[in-house]
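Structures are listed in the sections that come next.
In the two complexes below, chain A is the common chain; its partner is chain B in one and chain C in the other.
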Partner chain A sequence: MDYTFHWRPVIKALPDLMEAALTTLEAAALSMIIGIVLGLVLALLRLHGNRPLYLFATVWVEIARNTPALLQLFFFGFGLGAFGWHLSPFMIVLCGLSFNNAGYLAENFRGGFLAIPDTQIKAARSLGMSASQSYLHIIIPQVFRLIYHPLTNQLVWAVLMSSLGMLVGFRELSGETQFLASNTFRLFEFFLAAAVIYYLLVKIVLGTSYLLCRKLFRY
Partner chain B sequence: MIELKSVEKKFGDITVLKGIDLSVEKGEVISVIGASGSGKSTMLYCINALEKIQSGQIIVDGIDVHADQTNLNELRRHIGMVFQQWNSFPHLSVLDNVALAPKLVLGKSKDEAYSIAEKQLKHVGLGDKLDVYPTRMSGGQQQRLAIARALAMEPDYMLFDEVTSALDPELVGEVLDTLRLLRDDGMTMIVVTHEISFARDVSDRVAFFHQGVIEEIGQAQQLINDPQKERTQQFLSNVR
Partner chain C sequence: MSTEVNAIQFFSGFQVSDLWYLAKGAGGTIVISAIAISVGTILGCLFGWALSVSRWANMTLGSVLDVFRSVPLIIQLLLFFNFLPILGLPVGPFAAGTIVLIFYTAALVAQVARGGIEAVPSSMRNAARSLGMTYWQDIRYVVMPVGLRAVLPAWTGVALGVLKDSALVSVLGYIELLRASQILVTRTQEPFIILTIVGLFYFALSYPISKMTARLEQRWQYD
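Our next item is the complex of A and B:
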């Protein structure tokens, strides 16, 4: 143990790290919102879609859940790039994470839909509500309650997964850390600091989620 | 008026309704009794088209329920239904449970919908539960909530599907009292029930279902006290 810690470069770079942490949070949150919308659609396609739509959704879910997230990111980066379609690093990460989130969330949503008794739909329809009104006002709110915690889980996962962005040139928390560390040769210090920031980010996400849960679901 | 003409309903290969003919006048209360699986509940589900029929016709106020061009959402506004498993919406407060459909389906303003809901909830004796969530209430209270929810649409007809079967015995009375209240208001009702004395005392006519056909139908007192068909006699002696 003859490693000497030098924290000054880290402290000097803290504003940059914080800004990068915000970028991380932004990418994770955006990919989560897109993932929720797409996941909901995919789940409905898998439950009610005709054969081609069902297959489309199933292939998406299978790939998203059974291949490394890194390769999914590479697809939107180098894959599309090979066809001359160049996305910005931010867009690569956003597309990759959204694709991945949607696949996982689709299965959460599907389980949620199956857990709501179909008598809830019957009751709604018997009151004259249309199918879409029944889903919007009766079924989907209950599904969100059921899968709220898995949803939070996926958001945490998205925050951590966004660190893969550094491999496609995205300057989120990990990318920024890598950049600063190699400029100052203080790799250990910088990545230790990044780990602490990640930890705090996740704690903030979990705390917010907990408060939101208490506000949203009072039954 | 609700009219069923030779209605047939199949689930796969099993014929559940084998040619049902029945007509229910405005203001009439008909109870439907019979063993489990005889098709009583299925008939109710066919009247508001929650289930399709294979042949025959169901006509409600001149509208052919199962015709392709029938707007079911419009039709169902006029036919309230209450289920065996009350099916309250667990994510909505008692008040919102009742106010939602008037808002969405009838296009009432928020204030209007809430005042309708409050009125109906008071009517069924839940005036002090407006802000409670249904899961905090007893089965009997939830069933009365379901009745208020259906009534808030100001339906012309009410269908009751074994509304007391899933209740604890001591809660049956409060729900039956609510049904009596509706009868006194002049509501047209079809009541599928296992409460024989309720059927006798509250309804105008009673229909006895046996294996998908109406085996016997007649004035309530007469059918229950003096059934003509052997199967009706057997059923009634078994449930007493």
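Our next item is the complex of A and C:
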């Protein structure tokens, strides 16, 4: 083995990597929030929408679930260029991840809605709540409780998927790593550092979610 | 300037023959994901079995497999691909991509397989053993029929995930569907239509399988 490892460039670049890791978390969290809102809407459209709305939601969900996330990112990045829409790298990642998250979460939400017994909504309505009130105060909190773990998994996926931003020029953890690696020619060292940081990020996300779960869903 | 560029036919529009090129790319996707899924599943089942029988394996192997699920695939690919020259091994993009995908699949399948084994009630297995079945007979005739049904949807999810994630091997330079599309986009400058066609290719690969599993799952519920 004629290779000498040089860790100094990595240590010198650690602050940059940490900042990039924060960008990764931001992008993942933001795409998750948008994904939850869109996913809820899509799930409700698939359950209660009229024909055209049902079709729209179904097409969205099936495309998001049956094509690679990277292709979806490329579509927002390069495909839309055909119409003269040029998004910034951050917007490409945000749109792509939100689109993907919404598709996956819609199915989770749909399963959650189907698992709530009908009697719950009947009871809410008979207590004088309006339809939207009963959804907002009775159904949706229970759905969130049911799909909390899939939701956490999706957030972890979002963190991992945001690494695709590297291929559309977004400087999150992977993009920054690649930039630094090709600047210093220490490819292996930098990618190993990125792998370690991603591992820690995922553990932090899972740990936070576990603590939050104990706080939120304790009876 | 631009007329000169056009004069030497630097760019040319999308042609029907390009569809054949994309189809060959799809062949690359199918080959690499088929290898990764089949070998990864076998390996993953072994890992899953080890995880379920031994606490020691659970701690060591479990935490190693956890790394594959906690680091983005693209980083795993680049890390492994850049690690090989350090060892002095000249391995091409296809081999490197396949190896990483196999272990990635195995790590995901191990979790599924463990779930399947644990889905079989221990009373059922004790009953099998007390009827005189050996350990492996118990695995073959009791655990597998019950466990496989329980985890088929999860396994299909993993397999389809790997099929889609195989697009990332394009980063190493292996020409599969996505890489083929990028090459065509560079030549034709028509990203919208090409990405749409590639999307349809992936959809055609993935959608029938997911629908079939959903139907199978529904049928099994009434058995």
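As a convention for this text, the second predicted complex is superposed on the first by the 219 of 219 C-alpha atoms of A that agree within 3 Å, B and C clash if a C-alpha of one lies under 4 Å from a C-alpha of the other, contacts with A are read in each partner's own complex, and residues count from 1 in each chain.
The criterion applied here is as follows: a contact is a pair of C-beta atoms (placed from the backbone, for glycine too) under 8 Å apart; a residue touches a chain by one contact, two chains touch by 3 or more.
Values in this document were obtained by computation on a predicted structure and should not be read as measured data.
Asks: For A:120, select first, second, both or neither according to whether it touches chain B, chain C, the two together, or no partner.
Replies: first
Asks: Taking the superposition as given, does A:202 touch the first partner, chain B, the second, chain C, both, or neither?
Replies: second
Asks: Between chain B (first) and chain C (second), which, if any, makes contact with A:71: first, second, both or neither?
Replies: second
Asks: Looking at chain A, does chain C or chain B touch more of its residues?
Replies: C
Asks: Report for A:86: first if it touches chain B alone, second if chain C alone, otherwise both or neither.
Replies: neither
Asks: With both complexes superposed on chain A, which partner does A:145 reach: first (chain B), second (chain C), both or neither?
Replies: First partner only, chain B.
Asks: Have a look at where A:8 lands relative to chain B and chain C in the superposition and call it first, second, both or neither.
Replies: In the superposed model, A:8 contacts neither chain B nor chain C.
Asks: Have a look at where A:164 lands relative to chain B and chain C in the superposition and call it first, second, both or neither.
Replies: Touch partner of A:164: chain C, not chain B.
Asks: Between chain B (first) and chain C (second), which, if any, makes contact with A:48: first, second, both or neither?
Replies: In the superposition, A:48 touches no partner, neither chain B nor chain C.
Asks: Taking the complex as given, what residues does chain B use to touch chain A?
Replies: Residues in contact with chain A: 48, 50, 72-74, 76-77, 79-81, 83, 85, 87, 89-91, 100-101, 104-105, 133-135, 146, 149-150, 153.
Asks: What residues on chain C touch chain A, complex-wise?
Replies: On the chain C side, the touching residues are 67, 70-76, 78-79, 82-83, 85-88, 160, 164-165, 167-168, 171, 178, 185, 190-193, 195-196, 198-199, 202-203, 206-207, 210.
Asks: Of all residues in chain A, which touch chain C in the complex?
Replies: Of all residues in chain A, those touching chain C are 1-3, 62-63, 65-71, 74-75, 78-83, 156, 160-161, 163-164, 166-167, 174, 177-178, 187-188, 191-192, 194-195, 198-199, 202-203.
Asks: Given the complex with chain B, which residues does chain A contribute to the contact?
Replies: My answer: residues 117, 119-120, 122-130, 133, 137-138, 141-142, 145, 217-219.
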